[in-house]
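Shared between the two complexes below is chain A, which pairs with chain B and chain C, respectively.
Let's look at the complex of A and B:
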C-alpha cells in the first residue's frame, strides 16, 4: 500500500513532527468520521490509553483496553508464524457493527462503523 | 575311546560314535584304533574283531552327504576358556561421551556350583563369640573364675574398680547462657521481569543487533560528526517525550479510511470483482456497462475532466487532469490521483495555475507524471515528493509552447538514459522535452504543415493546431498527429522536415488518434464531425467508418483485444464496438450521465475489465464491461486456444483482408 510515495513517509526513523503531517492526519481522521455509517474513531497510545476519541470517555476506555490486548495477541500470532511478517489491520465483524483496528508501532487507530446502513 | 570286550557294547558304543562324528575317515580311524586295541588285548577279542571286520558302515538316514574333498577337509576345533553363555553385546550408556557404548570386556566367569560355607575365622568377632559359647558349654562344671580372665571374648573389657579404695567425684562447669546473634544485610535491589520468548522477539533482537553493529562500524569510520549527531539525537528524544503527536498515524489512518470505504461501497467492490452479467447470454451480441464507483472532489466541481491516465504498475491508481475547454473560462487547474480502493477522496492533489489539458504517467517509473497546461507550460511531477510544486517546469525562455498543450507522451529513455517526453500544442509544434538533471530541455521535432485554406502569406504565422499525438507501440519512431483542421499526419522522429503521410480524416477537429495496441498497421481516429474512423496506415482511406449521433470526444482501444474499442460522445453516451463480432454496429450504446453533461474522456484499465469516463463536471465514473463486450474468439473442439498478441493481430488481419 502506498509504496509509490513511501520514500519520505517512513515510520521507523524519528523525524521532527511536521505540521503538514499532523494536518493531513487530522484531515483524514475528520473524513473518516464523516463517512457514511461511522459511529466513532479512537486513537490509542502505546499503553492502551485513548488519546483522541469521538465517543464518550467510558466507552473509549473500554474499547481501547480490550482492543489493545487483542491487537497485541493478534500481532504476536502473526509474527510468531513468520517474524518478517507484520500485522496491517484487524477487522471484527459483529451483528451490529464492524470494528476496524489499524496498528502502528506505538499507536492504534480504531474505527467503529455500521456498514449496513 | 575304550573298547569293551563285549560285542554288544562295542556295537552300541560305536554307533553313537558314528552319529556324532559323521566323517567316514574318523569313524574308520576309530575303528582302526579299536582294532589295534583288540589286537593288543589278545585273543579274547578275536571274535569281536571278526565281528567288527564284517561290520559295514551304517549310515544314519539323517547324515550329511559330503563329497570326498569335503570329507577330507580338516576342521579345526578350538578350545577356549570363554563362557559361551556370557553376553557378547553388552551396551552401557557412557555419560562422558553421552552415547551408548559396547563393553568389550565382559565377565567370562561361569559359575557352575555355589555353596555357602559356614566356616568362621577364629580371630574374628563372631569366631570369638562362638568359641566362648563353646567353651562355656564344655566347661559348664566348675572352673575357677579368675577376675582378670576375659570371660566372654569379643566383649569390651570392663573397668574394675578397687573395692577398698575408690572415690567417684564429679564436678560441673559453668554453662554459658545461649545467646542469639544474627545479622541482616540489605537485600539486593530486585525487579520483576517477565517476557515472552517468541519467534519474533528473537528476530527483532537480531535485527536490532545487526543495526547496532553497522552503526558502530560507521561510527568508527567517522568520528567528528558523532558529537553533532549525539546532540541532535538528544534534542529529538526530548521533543518526543513532550509532544503527543499523532503524525505517525498517517498510514494507519489511510488504511482505516480505505476499510471504511470498502464497507460503504461493499456491493460495488463485490460487483467489480465478481459480477458477470448473466443476462448477456440472452441478449445476443449486445452488452452492457455496469456503473461502479463515482469519483468526485468538491473543489473540482467547476472544472471539466480534461485527461485520464491509468498507472501501469499500480493498476488501481489513475490520474485525472482537470481544467476547462472553454476559451473564456480559464482559471486554475488540478491534477488528482484516485485509487479504486478509496473512491471518496483522492490520493494526491496538485493545484496548478492554469488548466491541465493532458496527463501522462511514465510506464516504468510510475512516479513521474508529465502534465501539459493550457498556458503552454509542461511540468513533470514526482509523486514521491510531498510538495505541491512540480519537479520540472518549462518557462517562457526555455521554449515553452505558445498555445495550449494538447497531448504529452512519455518516451523510452534516450541514449544518455535521460527521461524524455513529447508534446503537441496549438502552436503546431511537436516538441521533445528531456529531463537533464534539474532542468528540462526542449528540442523541436517538427512543425505541423499549414492548412491549405490559409492564404500563402500567412502560412508562417497561422499555425496548425495539433490536437492529438500518439506513438506506435512497436515502432517507436512512428507517430501520428491529429490537427484541428481534421487532418492526421504520420511522422517519424528521424525526419524533422516532412511528414511521411497525411490522411484526410475528418471535417472538423480530430479529437483523438490512437494506434492499435496489437496490429502494427491499424489506428483509429475520432473527431467532432460525429465520425469514428479506423485506418490502415498504408491505405489513404479509412477501413471502417462509424457515425455516432453526436460529436465524438474520445476513443480508446481495449488492451485485451485488438478488435474492441470504445468511444464517448458529447451526448453522454459510451459506445463499445467489437469488430470481430459486429462490423457495423456498436455492441453497446449506453448513456451513463444525466442530460446536459458531456463525456470528455475514456480510458480502459490495463488489467481489470473496467473503463473510466470523465465528464465536464469534474466527475469520473467507472464502469464494468459485461462479458459480451470482452469476448475472446471461440475455441474449436480439440484445438487449444492460442493466447498472446499474435492471436489479436491475426484477428485484425482477418478483418482487414475481408475488406480488401
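Let's look at the complex of A and C:
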C-alpha cells in the first residue's frame, strides 16, 4: 500500500486530500485498537490537544494533557543525560493498566492496554 | 460728681436690707434702753419719730456715758468706732421699721452720716440730674472706662459664710502615762502576734452595714461603633508572576480534526510508530513481566511447613474458684462484638440420680453464666443468674445485649445486659490501667434474668439447642417465612429431647383483652418495685411466654418421634430495598412495644429455605421442613413427616453445624465418627471418618480455612483435621486437659481470628492460639475444597448409579433366569414322534427336490433311480 501511494505522488502534487492516506491512517489505528486488551488509543498534536480518540472526550483530554507534559519531561531528561540520544518510546506500567506513548516531533500516539486477564 | 455717683452707687438702706440679710459696715444697729434714751434725749416716738428719725449725738457724751457705765452702756460694742470717729457728732437714726434688726442704728462713718442726712434733700435733685447725667453719659461713652477701685457690696460676707475656717484654735493633746516622765530608757522588743493571741486585742475591719451604700445611680456611657471597619495589612509582596486559569481544555472542532488527520506528517508518524506499538502490545500478552513468582510460590508451599508451626499455644485459661468447683462448662460463646470477652455457662457435674438426691442443695445454689475478659483472669466480669442449669445460650444477632438461654427444666430464659455493657467494654480498653480498676468495685455484678418462659408451655426435657432467627425474616403461625418489619431478631428456635422443636416470639401477642379493669390493674402495677434491678425489657413475657409453633418430628417409617439434640438451619439472605426502613425504627429495641403482625400485613418471602437438619439422640440425622399444616380433621397443627432420615450410628449425634464457607455443607459429629453431608444429597455423606477408638465429644469448623476442622475428644485431646491433606487421620493432635472436651469455639469478633476457646468437663476454659498455618488460607484452598466435595459427590452419585444399574441388571438377570427355568421345565418328547417328524421333513425335502429338478429339466431316469436308492 505504501508503494502505491508513493506512485500516485510522483504524478504531481495533489491539491485535493488523498482519501487513501486517511484510510491508511484509519486502518493502522484500527489495527492497534484491535489488539487484545487495548482499552483506547489517542492521537495528540504537538500542543497536547487530541486529534483522534476512541475514548470519551473528557478522558482523552485528561490523558492527552497529562501525558503530553510527562513526555516533554522524559524527552528533556533523556536529552540532558546524553544530547545525542533521544526518546523513542515511553511505557508506564501501573497496577491495572499499561500506558504506552510513542512521541514524535509534532505528534503523540497514546495507547492504554490491560495486559493480564 | 463723686457725690452723685456715690449717691447712685450707694444703695438705699431699704434695698440693702432686701437684697442682703446683713447690714453695711457703716451702720450699726443698736438697742437703746430707756435709760440711755432719756440720757441722750432720743426717746422713741418722742424725741425721734418716724418723720424725724435722725438725731445727732455728741461724741463726748457717748464717751462720757461709756466711762460711766462701761459694760452696761449700750454703746459699748461700738466703743472703738466711736473713739475713732473723726467728727464730734454721730448720727443716730431711729429705725422704726427695724430694718437693721434693732430700733436704733448708729451711723459710723461721716460720709454715711452726711448721705443719710442729706438724701431727702437731694432726692428731687437726683431725678433731674439723672436726665442730665444720661445725656452726659452718652457723650462720655467714647472714653474708655477707667478701672474703679472695688467697692464692697456685701458679697464678701457671703463668701466668708461659705468658706471653711477654723472656728476655734486646734486642740492639742499630749498623752503620756503617769510615772514615765522620769525619762528612763525604753526598751522595745519584738513579739510574734500569733504566739501571744491572748494578749492581743484585735480590731479587725468588718463590714458595717450602716455604712454600706448602695449605688442607686451610676454614671455609665455607651459608645457605638461601626459595623464595617476599614483595615489594611501589609502583605508579603513577592515577585509578581503571571497567572492564568483555564476553564475548558482546548479542543479542536471536527473540521480541524479532519484537516489534521489528512496531513501527511501525521500519516508518516503513524506508520512509523505502529510497528513498534504492535510489538510491545503483543509482548504484554505473551508474558506477564511483572509477576512475582516468589510470592506465588510460597502460598502453595504452606502445607509443607514443619510440625512446630502447627502447635496450638496456650494463651490463657480461665478457672473461677467460686463458681467452677464441681462444675462443668456446658456452652462457650465468644461475645460477638466486644473482642476479648468470652461467655461460659456452668453446669453441675452430676448424673440424674445425683441430681435428684441433691435437688434441694441445687435449688439454693443457682447456676451462673460467667463473662470472662482477657484483662482479668481471676474474676469474671459479669454473672448472669439462671433459674436452673443452662445447657446452651446465644447472643441475639441484632442486639448483642440480649442473651437467650435454654435451661435444664425446659424453660427459655432471657437476659438483658445493656446496663453492664460499659463495664465489659471498659475492661477491654482499660485493662492495662491498674488505677482505673482500683476505683471500680471489685464485686462482680450479678444480672438476674429478665424473663422466663412458663414451665407448662415450654419443653418437657432439658433444652439442648437454641438459636435465633436472623433479623432478615420472621416466621408466621404456619411456619412460612414472612418479611420482618422491625429488622431485629425477634424469634427463637429451641429443641429438646422431648421430640419437638419450638418457635418462640419475643413480642407480645396480638390478641390482648383490653378491658378497663385490666388497664387499671396495669397502671396500678407499674409502681411495683423492681427489687432485683432487672431491666424491664421483657416483663411482658415473664412467666407467660408461650411458643407459637410446635414442630413435632414423627418418624417416617414407624410410629413414634425423633428426639432432637441439635439442629441446624440454612443461612438465608434476603434482599431488602435500602430505603425500606422499618416503621418503628427507633423503638425496635423496645420489645414490649412490638406486636406480632396480622396475617394481612405479612409479606411472604420466597427463596428462604425452611428446612432443618436435626441430630437426634438415636444417631439419626433428620432432614425436615418446619412448616406446619392445619389438619382438617382435628383442626390441630400438624407437621409433615420428615423428608429424609439417615441412620448414622447407634449412639447419639451431638453436633450438627454448617460450614461457614459453604452453605450446604454440614458436619455431624457422633461419638465414634464424624461425617460431612451436602444438603439435598440423599445418598449418603460426602465423607465419613473412620471409626476411632476414643470418642469424639465436640466438633467445630474453622472459620478461616475452609478445609480445617477442630475435634475434641473424651480424653482431652484437640485434633486438627485438614481435609485436603488427609481425610483419614488428623493432621495434628494435642492434649489440652485431662477431662473430656465439652466444646470448641473460634473467635468471631476479631478480624485476626487467632484464638480458639476450648472448654472441658472440669470447668476450665482454655484459650489457645491458632498458629499461622491454620489461620492463613491460600487463595485456592476454597476452590480445592469445593472441588474435593464435588468429587466426593460425583463418587457418591457414581456409586448410586452403579447401585441402581446393578440393581437393574440383577433384576434382568433374574428375569432371564426365570425365563430359562420356565423353558427347561417342558417334558422330553417320545422317540416315535421324533421319527415321524423326521420322516415328514424328509418327504417335504423330496418334493422340493423334485420341483427343482423339473425346473432344471434333468432326466427322469436319474430321478427314479435316486428315488429307488433312497427308499430303505
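Following the convention adopted for this analysis, the second predicted complex is superposed on the first by the 94 of 117 C-alpha atoms of A that agree within 3 Å, B and C clash if a C-alpha of one lies under 4 Å from a C-alpha of the other, contacts with A are read in each partner's own complex, and residues count from 1 in each chain.
By definition in this document, a residue touches a chain if its C-beta (ideal position, glycine included) is under 8 Å from a C-beta of that chain, and two chains touch if they have at least 3 such contacts.
Note that the coordinates shown come from a computational prediction; the quantities given were computed from them, not determined experimentally.
After the superposition on A, what does A:100 contact: first (chain B), second (chain C), both or neither?
Both partners, chain B and chain C.
Name the contact category of A:38: first (chain B only), second (chain C only), both, or neither.
After superposition on chain A, A:38 lies in contact with both partners, chain B and chain C.
With the two structures laid over each other on chain A, which partner does A:80 touch: chain B (first), chain C (second), both, or neither?
first
By the touch definition at the top of the document, which applies to A:109: first (chain B), second (chain C), both, or neither?
In the superposition, A:109 touches chain B and chain C alike.
Between chain B and chain C, whom does A:21 touch in the aligned arrangement: first, second, both, or neither?
Both: A:21 reaches chain B and chain C.
Considering only touches as defined above, state whether A:91 meets chain B (first), chain C (second), both or neither.
both
Between chain B and chain C, which makes contact with more of the residues in chain A?
Between chain B and chain C, B touches the greater number of residues in chain A.
Scan A:47 for contacts with chain B and chain C and give back first, second, both or neither.
After superposition on chain A, A:47 lies in contact with chain C alone.
Of all the chain A residues, which ones make contact with chain B and with chain C?
Shared contact residues on chain A: 2, 17-18, 21-22, 24-25, 28-29, 31-32, 35-38, 43, 45, 51-52, 88-89, 91, 98, 100, 102, 104, 106-107, 109, 111, 113, 115.
Which residues of chain A touch chain C in their complex?
Its residues touching chain C are 2, 17-18, 21-22, 24-25, 28-29, 31-32, 35-38, 43, 45, 47-52, 57, 61, 65, 88-89, 91, 93, 98, 100, 102, 104, 106-107, 109, 111, 113, 115-116.
Would you mind writing out the residues of chain C in touch with chain A in their complex?
Per the touch definition, chain C meets chain A at residues 249-252, 257, 260-262, 264-267, 269-274, 276-278, 280-282, 284-285, 288, 290.
Write out the stretch or stretches of chain B touching chain A in their complex.
Residues 196, 198-200, 202-204, 236, 239-240, 243-257, 259-261, 263-264, 266, 313-314, 317, 344-345, 347-348, 366-367, 383-386 of chain B touch chain A in their complex.
Contact residues on chain A for chain B in the complex?
1-2, 4-5, 7-9, 11, 14, 16-18, 20-22, 24-25, 28-29, 31-32, 35-38, 41, 43, 45, 51-52, 76, 79-81, 83-84, 88-89, 91, 98, 100, 102-109, 111, 113, 115
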